[in-house]
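Per-chain numbering from 1; labels A, B, C and D assigned in written order.
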């Protein structure tokens, strides 16, 4: 009796899981691409040169992301100061204290990087290992997919839900699948190193994305492409300072601890303001997580504690946190508090439009995904690839928010 | 209990009076203590606005806790599927906004209802372990959500149209000018919960089931129904909280409501309920919720950082429960 | 009783069928594993090859290690929610101290740190008599807070990969040292707990604390030991993972906790205590990893994986409770009368 | 002469916070004697025994075992001194196997570490044989065996330690007459082997069968020690309750029986009881005798709908009814007092009042609102009538003595004003005082025009209270005895109509 019922349930469980397996596979959407690239893939068999010319002929400038911006934005360079011998010795308010977190990659001398086949991108298999499930990542994948499709590459996505242990397994699994290239968003800058080494040793070309790995890790990658979070924060800080007339106390609601944004979106602001607006004073910084109600309480507490002293609030996340802050300010009749936020979510954009938030960073998730795949395609096509590609920095304010609508996520 | 002589019974009865008073006041002692501490450290602490902040901040937790307390009261520990229910009903509500606000809220609630019924029947009839079962429901649920909405988050004003305004304003409207709707709802739920738990047949049945499943069964109580009832109440309150949360965040996302399962049980247990069931009441739970709110408020006012805050919370949590356990053992009820 | 004897032969048959059922129940997890494995071999692309099998084994090691202590805690009828933060603790300590102490000493310290947390849990549960769910929920928050506080929320790493590579490189073509260490520790404690006089004490404590005490066992000590073991293996597991990637993040163990709980239950350990064993917990962990890995090979996203593992867990819980439900119905039936009924039917 | 006692306690006392449970007691037990220890619940005898079993480390006074002065401060210490204790409540680990329980704490090992499964099997079987359970599989779980078997396993477990002092606390409370007989056989054997046996029981007739000497305790003090032939049931009871009482429950002729309250026709639950038919009338007490495990409790559960019946009809006051669950049973005025108080009878963690009002929730719920107040008077009334001590409805039931708990349990059902009351072992393991109160209540209920069905293994009780006794065996009624020819002997004979293979089997082994 028992066994029978159990067996039944088991089979049910499995069949359903397998079924939904196929369903799930569709959503990250390698399924369609396989069809589109199928013919291309065959041609690769034919003549490499031909394939290369085809690939090089691909025009991606017309591609648009869902916010009607060009999908492939002009990437920016960034000037790199000299590394102090011991950054950690410097005070946290000194931008160079965070040198290793911000400026990695350029100085790293590469190890055992495979040479570009230069035989065209069409039909190449690329495995994208993201760091976890998040709407941003969903949009990111969308962008990556567009470019992949355009270049006739087959994209396969893996997600470990922000769990290092699982991501390690995925790296091994990706290696096992022997794709033509692996693109990875590491769950953490430091953990990345060993993962990158493995991929590198397996002789599979690797591009790091979105989250900057440590210098040590950059040795093993063809290149890195993603947003210049620190740079963005500096610009944001500038706008922030201007709005605050370079004076007054401010607080920061931090990103979830245990990731690089936790630092960039705290100290990127702190260090810059220290420099450009020494009169501005950091009152408090706390990490309430991405929970509107928690942030709301935190903000209310701040308003109670610091009163008129509190002139501005910076939020590491422009959706849940930013909403919490707004509600708190509204309830406390402190709409005068200058509010800025990092991120580029719909909620954030709406807030900017509504005027409750002064400025947010423009970080196009789709472009973020696109630029990486572009880098991959370039490499396949033998185009020279610089070690680091930064997305352009831009701060969205009420002035230009309209042209960035509708938001990507 | 054989060794009880008459005078020991008497003694126990005296003890009973004393420590039952203690265990009744218990959590509120802490509340008062925190308030005194607050007034000492900050002159702005004793202001209506500050209190309104605290209450508003914990109101969602309060709504959830009021419901979950029934599951705990019925001796079924905690409903681990709370976050899943909150997120799911929120998303469904947003998804169905196009059919009007009423429909969407009803759909949201019914989502919770369905999960509640499933939990209730499995735990109530088959006596599955509540923690594990609800845990597996949470797994399945959140997996399904991510798959169904393919990892995206959905927005009321995109899907909603006209109804969106109303939906978003749900957690933003103030009643009588100053008091937010959420707070009112929380207070209503607390009062309702207290009333149902202590003054109605259902409440008494839940208590009996919590005290002893078998006895309740042999006393002619429909245990299956009662346990299901407890889980359904929980699920419903959770989905109401979920809808409010979604409306507050203006986003329906699978990660909404994370952590509410443990936060709720924390509040409940601080509030003097025992996981073994049958003891405590919603007033106590309210106290527990207030403690959580006051704690972070006071600590922020002092200027303790996030990490130290969680440490303090953990210590206070264990300490409070330890004290409750002792006062209960004094009563010869070694079941904390 | 007379009835039993009169129909003792019929009853023996009854007993035998019961035994077979119990046996089947005991090997349940192996069957689930087999079914899933075979299905995956049939349908999942590049699932069945040495490299991937090694991945699976490596993927198993962390949670299998954590499950060792956790299973013992469950056998004692308790629950330990602090395993997640404990394994993070182990990982952070080992990496944090390596530069100053070197690998082995820092490993020792890391493991001891875990044991300490475990000891505190055990003490609060056994002596202060607070429900383990609450104690460990509390220590979970405290430890996680401490980790963040001390690490300032940043990850740690060392750029020396000799040990990491050694731990990861398969010996005999199939078993990386990390896996060997894990499996051997699992086996050691499996035997220690299941087949030694001392170990059986855990089952007795879990089965009935009073009885255990009357039988002259130091029940409090057993409880404390169980929690210490849980803290230790959790920290050890975390440390091993950290060593094999030469780095650690302060959020390492967050999602492990629920997986381990699920696996232990699927492995046949009951929350009531007194039953279950460590080896089957490991097999259950393995089963989940195979499921994850296979689904990933099939191109399914994370959502499908938790969905599937949730279904398996649900199926097991349902199956178990339904079985008990059925047993209750027929418990105490008289074979003699049933025999009559059968005759009547013919 | 000063003979060496197996156990010699001099001036021992045990202080519980707020009370002196055992007050300066001297207590000697000779080798090879069965020494009965008597006293109402709360008289301190269990505490005294726990002391011997090493449950307390903080007793005062001197304990000598076989002449040697010992400190019995832990169970293991006591065990080492050869003290074995059979507890009243089963102290077995349900999820574990019989073997693991029987050999708890002394599992046989290979090389001091690893368990020797073969030896386990042998030793267990050997132990089980001593209590006539040789046929059980040592590796089947306790869950899988009956309560009676479990009780005997418990004894086997204690004997396994080869004690020279054996303490038995209510060992017969859940045993049928048969098993009691078998147990006494075992005790006799142990006596011959020179064990000193301390035997606690509320069941006085047993004592006269088995005991050599008897010691009576009251309020933690020792009243006296006598040879069994110096005392009578009456004198014992008087010493226990500390006041003169009328002789053991006398049969009062009930007035003429009224209309039929309940009729059962061919009631069947497959495998549990088959085509059972009987009827009860107003003012009647129908006893149901037979060996425990004969299917009597199952029958009761079937009638009240706790378990689903497969066929048969139930008539209440001549009207056929379908009872699917307890609440329906209550609606039809049928109440069922379950046999195991702690599991199914009373919720120990809530108060007396709440327990008594539990079945009356509906009654005291007026337009949705439940008020305990409206029930308060009922509670007090019931408690008063049953002389529940303490007379305070706010006391947690768990803090009451066994006797008082049983009174509350009866009160809980009396409060529902049932017309048909089914009592399953209503006086199991309760002290004489409580027993008398309960018997009086049963008589009163019957005399007030209700029908009572009394399931009991306590033969004097059956004889004293019943107007008729149906004998059940193997899930069937095999006979009926009417008042005139009711006696313990007749019931026994009827119950064992087919001779007792059981005991033969035992003595064979």
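Throughout what follows, contacts are C-beta pairs under 8 Å (C-beta built on N, C-alpha and C of every residue); 3 or more make two chains touch, one makes a residue touch a chain.
A quick note: this is a predicted structure, and the numbers were derived from the prediction, not measured.
Student: Touching both chain A and chain C: give me those chains, sorted by label.
Tutor: Output, common partners of chain A and chain C: B.
Student: Based on mean C-alpha positions, I'd like to know which chain lies farthest from chain C.
Tutor: Of all the other chains, the one whose centre lies farthest from chain C is D.
Student: Averaging over Cα atoms per chain, report the distance between chain A and chain B in Å.
Tutor: 36
Student: Centre to centre, by mean C-alpha position, how many angstrom separate chain C and chain D?
Tutor: It comes to 41 Å between the two C-alpha centres.
Student: Let me have the rounded angstrom distance from the C-alpha centre of chain B over to the C-alpha centre of chain C, please.
Tutor: 29
Student: Between chain B and chain D, what is the separation of their C-alpha centroids in Å?
Tutor: Roughly 43 Å separates the two chain centres.
Student: I need the residues of chain D touching at least two other chains; which ones are they?
Tutor: As it turns out, chain D has no residue touching two or more other chains.
Student: If a residue has to touch 2 or more other chains to count, which residues of chain A qualify?
Tutor: Only 20, 23-24, 27, 133, 257, 287 qualify.
Student: Spell out, as numbers or ranges, the residues of chain B touching 2 or more other chains.
Tutor: If we look for residues of chain B contacting two or more partner chains, we find 146-147, 151, 276, 305-307.
Student: Applying that definition of touch, give me each pair of chains that meets it.
Tutor: A-B, A-C, B-C, B-D, C-D
Student: Applying the document's contact rule, which stretches of chain A touch chain C when the two form their complex?
Tutor: For this pair, the touching residues of chain A are 1-3, 5-6, 9-10, 12-14, 16-18, 20-25, 27-28, 30-31, 132-133, 156-166, 168-170, 172-173, 175-178, 187-191, 193-195, 197-198, 214, 216, 256-258, 262-263, 287.
Student: Please output the residues of chain D touching chain C within their complex, sorted ascending.
Tutor: Touching chain C: residues 53, 74-76, 79, 85, 87, 91-96, 100-101, 104-107, 109, 112-115, 135, 137, 140, 144, 146, 148-149, 176, 178-179, 270-274, 291, 293, 295, 298, 473-475, 498, 500-502, 505 of chain D.
Student: Chain B touches which residues of chain D in the complex?
Tutor: These residues of chain D touch chain B: 16-21, 41-42, 44, 46-47, 50, 88, 219-220, 306, 325-330, 336, 338, 343-350, 354, 358-359, 361-362, 365, 368-371, 389-390, 392, 394-396, 398-402, 405, 412.
Student: For the complex, which residues does chain B have touching chain C?
Tutor: Touch residues, chain B against chain C: 77, 122, 125-129, 131-133, 135-147, 151, 262, 265-266, 269, 274-276, 305-311, 313-315, 317-318, 321-322, 325, 329, 334, 336.
Student: Where on chain A is chain B touching in the complex?
Tutor: Those residues of chain A that touch chain B are 20, 23-24, 27, 133-135, 137-138, 254, 257, 284-294, 296-298, 300-302, 304-305, 307, 319-320, 323, 327-328, 330-332, 346-347, 350, 409.
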